[in-house]
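Two complexes come next, and they have one chain in common, subunit A, joined by subunit B in the first and subunit C in the second.
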Partner chain A sequence: MLSLTLKEVIHQIQQGKICAKELCEKCIARAARVKELNAFTTETHNIAKKQASASAERQATHATLPLDGVPVAVKDNFCTKGIRTTCASHMLESFLPPYNATMVEKLLNNGACLLGKTNLDEFGMGCGSIDSIYGPVRNPWNYHFVCQSLEEAGLQLGSKESHSMTYSQLKARGIHMSAQSRSKVLRQTREAEKMTEDVHCGSDWYIAGGSSGGSAVAVASGVCFGALGSDTGGSVRNPASYCGVVGFKPTYGRLSRHGLIPLVNSLDVPGIFTRTVEDAAILFNHLGGHDVNDSTTVSDPFHKQDLPDISIKDLCIGIPKEYHSPGISEEILNAWKWAADLFEKAGAKVIQVSLPHTQYSIVCYSVLCCCEVASNMARYDGIEFGYRAENNESTEELIAASRHYGFNDVVQGRIFAGNYFLLRQNYEKYFMKAQKVRRLISEDFQKVYSKKVDILLTPTTPTEAPLYSWFSEQDNRTRTAEQDVYTQPVNMAGVPAVSVPVRLSQAGLPVSLQLIGQSFKDHDLLTVAKWFEQQVKFPRLDLSYLD
Partner chain B sequence: MVYSNRISLRRLCRLSFLVSRHNRHYSNLSYNPREQEWRSVVGLEIHAQIQSESKLFSGASTKYAGSTNTQVSIFDAAIPGTLPVLNRHIVEAGIRTAAALGCKLSQMSKFDRKHYFYADLPAGYQITQQRHPLARNGKVKYLVYNTDNWNKYSWKTASIIQLQLEQDSGKSLHDADQNRSLIDLNRAGVGLMEIVTAPDFTDGEEASSFVRELVLMLRRLETCSGRMEEGALRVDANISVHRPGEPLGVRTEVKNLNSVKSVGRAIDYEIKRQIGELESGREIVNETRSFDAQSGQTIAMRDKEKLQDYRFMPEPNLLPVFLYDSKSVPMGVDPANVIITDHLLQGLPSSPSKSYERIHDDHKISIRNCVILVNEDGLLKIFDEIVERRDAKALINFLIADFLGVAHARDINLLQCPVPFRHIAEVFDMKTNRYISNDNVTQVLELMFDFPNKTPGEIVKEKELENIQDLEVLQAECEKTLLKHPNVVQRWKVGQQKEKKGRQDPMLKLVNTTMTALNNRANPLVLISIFEKLLSKK
Partner chain C sequence: MIAVTRITAKSSTRNLRQKLQLNNYFSSKVPDEPTWVPIDKEKLPKVPELDEATVNHLERLSLVKFNNQAGVERLYKAIEYANQLHMVDTEGVEPLDSVLENRSVYLREDKVTDGNCLKDILQNASLVVEDYFVAPPGNIPLKPVDKKSSK
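The block that comes next holds the complex of A and B.
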């Protein structure tokens, strides 16, 4: 049941073949089995059960809502009324929003069940989902689950739920525990741990990508059928690519940001994780449209559309030559070539195009991002909400102490840099210049599209998912600069893009490619992506053996 | 209700009693030869709250004096994830104001974030329009006058550099006893227009006259209540002094002046202080000062923001504001996304200075009375409606002296005058024609407001307030008075016509006594002539 697509699940629920409550229970059970992936910051299983019961009641009266009973997860930077929304930061560790983000509201109004809030890099700053106060997210691909290891070792732990609670895992996740509870867990798991370490291949794993890694993992591991992320420089497409799911970043202005705790307001776009392109289109149909609470959403009417089956004969696919950058792996390059050939063989015109300002995207992004971060983070002073330090010497001391503890090094570093760029004497030199470069990057896309190119085909990431041990050797800034090269320019231009998994690498990890469309032609992009997906027949991850 | 039974000599002589109680004939600024060697330069930044039901970017109420923290939306409290939504009404009010102040409207204006940490600024930045304001380059003609010397007045023009929209901040209350700060966010996010003038003023009198003119203009536009005592309009003044021929001096900023009077006093004090400092060989520091209305002094504020860099950045969550007229609006533009200015710019009220000039020129009325007429909401309209075929000067005196007193005592808003204007005119006519005595005018006006459905003529008849015209009746009453007060008659005979300490003019005494006996139903001048006739016979 958990291996179905969202489209199939909706169909079966609407037909009454699957009971919403049963489905929800199954997802919760799966969530427990894969808990060690650390995809969630807050699980809302009880809420999900209530929502599923309500869905089941509507099923009984044949008055179902379009997404009734569909289990979903939401990145923990979308506000959820009365449900902790942390941005994986101490600053918001106990923040209970008084309202729902528009995206959340739309999901719930359509009958979806919220299984939890998903893990991320603090405030979305990162591309590995490892810089979270709740510890790193783990990629389910090639992952040795503890229960699996234990079973292999012929050891059965008491209840299923406790499987994932070994001390080493907690430690690896960076979860803070008191000395007392630590020793208790230690005692309980000493034996199990010994076994685990013998069986487990070290303490390493593949990263999920980020910053919306939790959402990608939740969908990939079968806990839910769709999830919300946010994409500022690739934060949806990057983890989607590493986790072998579809990651869709719509056109800027199509989906409301009201209630999305911002990273970079002018680049942030709510994104969608699903297992198939069609599933992404279904969620997109239910999420799109103008929101009076977000002035940057476009006001022209939004039409729900099903994706047609098309022939791609008249299509022109552009291959940006600048994306052949150093650092791209053989695996990715081969997959890219293979995909280009696939399009060509099917009758599409495939041409090389140029996006000459691509190389400036990273540096441009780091200026714009830091400036908006410095500004957006200014509200976290511990006064109206969020973490407040004990220091009562003066208002300034209180604010400084709260921010010092509340933010991690990455956030603090970006705040410092942003404030520097915005100083009166630096504004022209950095911010204005970066805005001009952003315009040039954006114009690159417009120029290419004006020359009859319909869609661009590029890699999503330079490699398949790296190992945690390797990834964490370098700092957040270095990794972001490496990882976001193919995704970031898209945000600069505001155009839609989708990451589609195409095949497995020799190491057995997903290899994904990115299709980039034209502004507000989201459905056209998804239609092509659906065709592409049907050709590549990616083998989705099946964790049913865990159940 | 208390009525005066006695008539002052001044009224008898039909002198205007509209002379201020402190009739000083000297300038407010004492003459100081040293100050002649200095030039002072003053520029103003005026923050005016825009009248609107809701705030600039949120739906929260803007009502004054609501309970603490009850008018706060999640956006106003800067709850993460909330976004600003521009209040169209406030933009329109800003456009009308800018146009009325002669500004050039920007076809495109944008919002910026101005960053600083303060407990009553929840977002850590204020949304304002630093780089692309709503309007620029205005000119405002204004009347400079001094209420202590109405003979000394002049016309001046001040330039407006820009008018921008921005958010108001919350309010902090520092509780020193318990070492805590209390924050009220009701005001946070209320829409302000900041009006920045060129340094076009030379002293407190000019600056305060300008502020008075501006307040009046805003009230006429109904874009700001102008209630400085409620903080609806606050003034910051930038002040410097220099010697003629030398570059401008270092300036100080006196913040948060909350009355017209404080504007004048603070600026004059600060000019004198700066001159004093410089003449004593000290330097002026670029600093922020506050004004203590009680001592009349400006005081340096504990200023941590002297070297503040506000790190301005474009507000990324708001679209630029585009203004078009119905002809210039481009094809395909959704009118919901732009502002069409045509209807906003129609029917703008004329400026107060235009009103002064018109009344002054048309009716040759004193500047003082022009000022009162124009400054009183609604009074000018009444005057304009009924002045035709009437004596303008007398009418103004009537409106200011008689009518306004009654209206004020009853707290009547003349913009929504509860009686027809022709009733007011009728009372004036009855007074002018001596159909009623001056002493009964107040009573008739009271009754006019009490019975808005009756004409004053009907009321006077009903209440028997009209003057007794029968000379025999009047003469009989005068004779009674003479009989009752032989000692006063005696004094009149020996020619004690001038007032002596503690004693009334004998004629005045006789007339007052008789008026009282007649319930003021007589023309005192008629009584005087009767008395003169009777006394000359004796």
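The block that comes next holds the complex of A and C.
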């Protein structure tokens, strides 16, 4: 039941083949089995059960709502009425919002059941979901669960077998190797074995990506069928890519940000995690549209659309050459090339295009992000809400002491940097300069799309999911600069993009690619993504052996 | 002897076929080499020294204390990184602050739509006296901390 798609689950609930209550119980049981992945900051199982009962009653009277009984999870930076909303920060550890974010309200009004709030990097600042006061999120792929270890105690050798198999698979594929590359592969195999041992002993694991890592893991591990995340520079697409699920960032202005605790107002977009592209379209249909509480949602009518099956013969796919950046892995590069060919063989026109300012986008992002963060974080003073320190010397001392405890080093660092860039003598030099570069980045996209290119095909991330031990060697800023190179230009331009898992790497981890569409043509983008998904037939993670 | 030759011949055609497939497999549309321009750090502006006065000023603006030298170093790196922006020619380019700049954004009517939520609002404050938020004395500047003495 838990490996169904959201579309199938909706269908079976509407038909009365699945009882909403039973489904909810199964999801709660799965959540308990995969608890060590640390995907949730707050579990709301009792609330979910009540919602599922209400759904079951509606099922009995055949007056169901469109998402009745569908278990979902929400990133812990969307306000939920009466349910603590923490942003994984000490600052909001006990914050109880008096209202629901519009995205949450829409999910619940359509009958969905809320299983919990998901873990993230503090205030969404990060790309690993490791900088959270609740500890890091773990990727379910290649993960050795404790319950598994208990069952397999004494069978440690299994790991070695699986890795020598990848080496022999290489040989079986007849890949011709020089002595040098053979020794490289052997060395890598040995390193991989060592890594696998660490992974199996529980001391290391693959990161989930971030900042919406908890939502990605909740969907990938079968706890729920859809989840909300937020995407400022790639925070939905990056973890979706690492966890092998679909991650959709709609056009800026399509989904309401009301009740989404802001990180960077001009870049933030609510995003959707599901197992298939069609599932993402279903949730998008129910979430989209103008919101009187968010003046940055556009007021032109939003039409729900099913994704048609298409022929891609008339389509023009652009391959932006600047997305071959230093640091891209062989594995990702090959998948990208393979996918470009796949479109071409199916009859699409595939051309190389240029987005010349791509290289500077991540630098521009770092400046704009810090500036808006410095301004947005000014609201946390410990007086009206949030953590209040025991200091009554003066207002400024109280605020500084509260913020010192309430924010981690990453948040504090971005506030300092932002205030530096915004200093009177630096305002032109950094903030205005970055906004000018932003226009050039945005125009790069417009120029390409005006030349008859329909969709851009790029990698989502430069590598597959890295190991926690490796990822945590460098600071948050360095990792963001590496990991968000392909995702944040999309936020700069406000265009929609979706990460689609494509295949498994030699190490058995998901490899994903990104499709980038044109502003307000979200359904067109998803239609192509659906076609692509049908061709690649990605093997979804099945954890049913845990139940 | 003959059998051995045959096997070799067979395997070499297989190799050849695989090579052909591999070539076919790789699209010419994706560049083979990275396309980024190397940045000559010498050409970038130098990060000015972050003296005590600047640091104290930033602390007052941020209402967060650096506490140690590591925080100052982190700021230095962020500025150094941001300086790459000066490689881009932005002569005559207007700043972009919203991707919706060409659309008229909606403004709702200036009418009260909610209220009577005193209890909801105050429940999140740690200290309340007679429905008022409480703050300690104002207009007292933040005391700077000595960065050098604390590790």
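Throughout what follows, the second predicted complex is superposed on the first by the 499 of 547 C-alpha atoms of A that agree within 3 Å, B and C clash if a C-alpha of one lies under 4 Å from a C-alpha of the other, contacts with A are read in each partner's own complex, and residues count from 1 in each chain.
Going forward, a residue touches a chain if its C-beta (ideal position, glycine included) is under 8 Å from a C-beta of that chain, and two chains touch if they have at least 3 such contacts.
Everything numeric here is computed off the predicted structure, so don't read it as measured data.
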item	value
Partner chain(s) touched by A:R257 [first = subunit B, second = subunit C, both, neither]	first
Partner chain in contact with A:K321 - subunit B first, subunit C second, else both or neither	second
Which of subunit B and subunit C A:D309 touches, first, second, both or neither	neither
Touching partner for A:D341 - first (subunit B), second (subunit C), both, neither	second
More subunit A residues in contact [subunit B versus subunit C]	C
Which superposed partner A:E396 touches (first subunit B, second subunit C, both, neither)	both
Which superposed partner A:R388 touches (first subunit B, second subunit C, both, neither)	second
Partner chain(s) touched by A:C79 [first = subunit B, second = subunit C, both, neither]	first
First (subunit B), second (subunit C), both or neither touched by A:L440	second
Intersection of the subunit A residues that touch subunit B with those that touch subunit C	95, 98, 266, 292, 295-296, 299, 374, 381, 383-385, 392, 395-396, 399, 419, 423
Of subunit C, residues touching subunit A in the complex	14-15, 18-19, 24-27, 29-37, 57-67, 71, 74-75, 77-79, 81-82, 84-88, 90, 93-100, 103, 105-108, 117, 120-121, 123-127, 133-138, 140-143
Sites on subunit B touched by subunit A in the complex	74, 77-86, 113, 115, 117-119, 122-125, 179, 181, 183, 304, 309, 311-313, 316-319, 334, 336-337
In the complex, subunit A residues that touch subunit C	95-96, 98, 174-176, 252-253, 266, 290, 292, 295-299, 319, 321-322, 324-326, 328, 333-334, 336-338, 340-341, 344, 350-352, 357, 359-360, 363-364, 366-367, 370, 374, 381-388, 391-400, 403-404, 407, 409, 412-413, 415-417, 419-421, 423, 430, 432-440, 442, 475, 477, 481, 493-494, 519
List of subunit A residues in touch with subunit B within their complex	78-79, 85, 87, 92, 95, 97-99, 101, 257-262, 264-266, 292-296, 299-300, 371-372, 374-375, 377-381, 383-385, 392, 395-396, 399, 419, 422-424, 427, 431
